[in-house]
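Quick one: structure below, then a few questions.
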Amino acid sequence: MEYELENSIIDKMQPEFPEAAFTIKKARRVEVKMSSDKLYNFAVRMQKKWNFLHLSAISCVDWLQDNEFELIYHFWNYDEKVLVMAKIRIPREEESHFETISNLWQPAKFFERDIHEMFGVYFDGSEDMERFILTEWHGPPPMRKDFITREYALNFFHYREYDPEWLKDMTAAGEANE
Amino acid sequence: MNTVLWIIFLPIIIFIIGVFMLGYSRKFIARIERRYGPPVQQVFYDIFKLMNKKTNISHGWMHDISILMLLGGTLLTLYFVPVPGFHFFAQYGDVLVIMYVLLVPALGMALGVGETANPNGSIGISRALMMLAGYDIPFFLTFIGMAMLNNTTSMYDLINIQQAGGFLGWGLLTNPLLGVAALIALQGMLGEKPFEVMVAPHEIATGPMTEMGGKYLGIMMIQHAIAVVVELTIYINLFLGGALNWFEYIIKLFVLFTVLLSVNAVFGRFRTDDAVRFMWRIPLPMAVIGVLFIIF
Amino acid sequence: MSKIDEVRDYELFIGPNHPGIEGNFSLKLKLLGDKIVGAKTDAGYLHRGFEKLMEERLFIQNIAIVCRICVPDPDPNENNYSRAIEEIAGIEVPERAKWIRTLVLELSRLASHLFAIGGHAATTGLYAFPNWTIADRDRILELFEELTGGRVYHIYQLPGGVRRDFPDGFEGRVLDVMDYIESRLQDYDDLAINNALFIKRATGIGVLTKEQAVSWGVTGPNLRACGVAADVRKDDPYEIYEKLEFDIPTMTDGDAYARMIVRRKEIEQSISIVRQIIDKIPSGLVWNKIPNPLKWNVAAGDAYVRTESSKGEYAYYMVSDGGRKPYRVHVRGASTTHAVHVLENLLVGTRIEDASQVMFSLDGCPPAVDR
Amino acid sequence: MEEKLTQRSVWEKISNKLSKRSLWMLHYCTGCGAIELPPTMTARFDMERFGISPMVTPRQADILLITGYLSVKTLKRVVLTYEQMQAPKYVVGFGSCTINGGMYWNSYSTMKCLDQYLPVETYIAGCMPRPEAIIASFNDLIAKIDRGEANSWKDYYKNYDFYKANQDRTFEGPIETYNDIKADAAMFNIK
């Protein structure tokens, strides 16, 4: 049977989280969508029960039109060699809040701190939510979709004038393509 | 009159030799690293460039004085060490005097670097003083051993005694334990790897030199060039039979330096405590046993 | 803390301008005498906002900037990025292109490991060793230059394959370079790896236990030096790694020296992989044509792709909303764990002499942390 | 140009001739171009042949090589570093990103024109320049020093207000540097 391993993983997890939607994306990739309040429980089970010892990453996506942030937790199991992506959505606010899983996985500290800086999602309960990369930054969280880096850069920085004749046609062609 | 000329020109001659020896060392190490290396006179350019800097940041009068103390201490040592054709001061002072004047530059550096208030500098100085405790004791023991063996504390007499014995009369051959112990201590005294902890660029960003720039660093480099020759000369005079003419002297300098450099090029550096432990575990017992042999 | 300890207690900044720091990075150390009692990393000096820039550029344009994310080992980035697009858009890659990609990835790993072991030895003052390894690494860069046109950044792996096929006689030259590097390994052992002083400096420094390593999220050679035989190439195979024979070298000590040995052994493995590829590579196309990249709307979807880079697990999470530009690309730099909090934890308790050795032995990559 | 040449005294000519043979470069990897420096320094290209060697602290260095883009965070450290260096000092901008932003032209985090913040002596174009390009540009710098034209460091003392204003604008607030540039200029008689 195709996706035997992946199906066995889902069979294991589905009974405990009946309302979560599991899908198999491809070999070794299982996706699960759930409501945000279930995530912490899910993470605890993942680590303690199902032996997903490696938190590969936490990604954040800004869905501006839905006014939501999507958080994606990528868990990897060293023994069964499967990656489970847990996707949740949280409301998009000036300073969104969500609970931390850094007490379970050390690496989560870095990813949560990074998401806080780049998207402005505060993770409650984390030891350290200080700025890390953008310590000298004064603007809004830069990875939000409503922050346009091109506008900011053109206004903020000084550029050297460079407008030779031979480049004009190419620039015009590029702008028409935009 | 002759003596006065020597006093004036000796530091200059020794400085020139030192500059070329340091240039030679850079070239030699570059070749082991499979590089072409800088020209031999590179150190001269470096020193000239540093002395010619337009701004020289000072960290207070203590900083200025200590740099002069550093250079002065080294020059003082130079006058007490006999070189071919000049041993005017050497007949007044002897091995014991050299033992004490050798410490002056290190102390001068400690004072000046303390004034710059750079933590890397103070760590470097504490390391340098710790290393001093490591290499000085075995080195001084070998001094004493040689003095007792030959019944004289004058370095000039030591040279004559060794030269009288011909090649086999050299200290290194008559008393190999002391000779080898002093050689290891000399490696530490010159700050060559593996005893390079006080400079250690990857750890404390050149330690004492961190805040030195322009003329200050230039003077430190001049001092280093002279100190290398002086320290090698002490070893040559004690264990390699000294030298009667400048030709022999320079040959011996370069041969001895090459031996030390070959070790320098293929080793990393000890940790501070390991370095001191090494000094006390290997050269020190060797020196003690060597001295005991002489006594009994 | 006693009175005397209060006097000896001070803060030392290592970096960003310091030779003992890897890249543009900074460490704030709290010292008690010579001993480090607290460490804090400070990154962000290399932040360029790649993830933001990628959202403003076409899919194809981003190939040119993704390789800048990890400077010493750029190819896993291109590979990840291209594979993510291929997965979302459902593009097939010709067989030969997969072999060539694997070759490029392994050559890049070789180059990066040569750099890393040289840098590690240099922190103990053994400057002859980096001079040798970095000069030997240049031969691999020359191969890259011949194949891709770039020494450091290759911009070679596109969605659908690779940019161009081998030049004439390239296979022979690859084998020559492999022979050369293999012949140099004995010299490396004599100079550094079996050097008594280096062993003395490196053993027992920055010890990671197996449990710590797993729970702190360490990946790559650093994890394997603790005795965990985990490697994305074996566990989550990509390209053609399933068809190749290679071992995963492991050590159990978990200290700086074990990490050095693991890298040294991986160099041998990479040489063997490269030889297998040259031996077995099939002929055929190297690039399946993709739609006009200027007007190419990649289907909506997302993908999480992982690569084993020389520093550890590299992963890209890409989201496309069906437009001409990626909606979001999240880069999981290989060094996000071991260059930040693992380093902070390991530094506590070591001496200041070994701070930069711990850092270089972990082989973190600051640009991958900062992005 | 001609005027400058005649103004140099004989001593200055000699000192330029000798100083050009010894250039110490600050060992500071500011950007990704730093990856091409180890090959330049080590056995393959060996720039110590020309008397150029890496130095670890700003006090000792003559050249500040800006290896690529500077994020605003790095720029602050670079300005502090530059002010600690002792004149004559030369800034070399390395890579396209120091000239006009390069491929990071629309990045919110990197500065685009290095010469707005520090007086630049030479630029090396390319992304990334090869070791040969680094050596070639250093040779240009050496020739420039020989001719006595490498005086851009004086600009920083003369036009300090301009540079300072640009720096403050980018850092969004005045930064505290530990050197009083104008007092230094008066003390060392730099005109």
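Letters A, B, C and D mark the chains as written, and numbering starts fresh at 1 in each.
Assume a residue touches a chain if its C-beta (ideal position, glycine included) is under 8 Å from a C-beta of that chain, and two chains touch if they have at least 3 such contacts.
This is a predicted model, so every value here is computed, not measured.
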Note: of the two pairs B-D and A-D, more contacts are counted for B-D
Chain centres from averaged Cα atoms put subunit B and subunit D apart, in whole Å, by 36
Taking each chain's centre as the mean of its CA atoms, subunit A sits from subunit D at a distance in Å of 40
Subunit A to subunit C, mean C-alpha position gap in Å, rounds to 22
Between subunit C and subunit D, the Cα-mean centres are separated in Å by 30
For subunit B, residue numbers touching 2 or more other chains are 33-35, 201, 205
Expected list for subunit A, residues touching two or more other chains, is 134-135, 142, 147, 149-150
So subunit D residues touching two or more other chains come to 42-43, 56-58, 73, 106-109
Per the touch criterion, the pairs are A-C, A-D, B-C, B-D, C-D
In their shared complex, subunit B is touched by residues of subunit D numbered 15, 18-19, 21-24, 42-43, 46, 48-49, 51, 53, 56-60, 62, 84-88, 184, 188, 190
Interface with subunit D, subunit A side, in the complex: residues 134-139, 142, 147, 149-150, 152-154, 156-160, 162
Subunit C partner, complex, touching residues on subunit B are 29, 32-35, 119-120, 123, 193-194, 196-197, 200-205, 265-272, 274
The subunit C residues in contact with subunit B across the complex are 10, 12, 18-20, 34, 121-128, 131-132, 135, 191, 195, 197-198, 200-201, 351-356
Subunit C partner, complex, touching residues on subunit D are 26-32, 34-36, 38-39, 42-44, 54, 56-58, 69, 71, 73-74, 77, 81, 103-104, 106-110, 127-128, 130
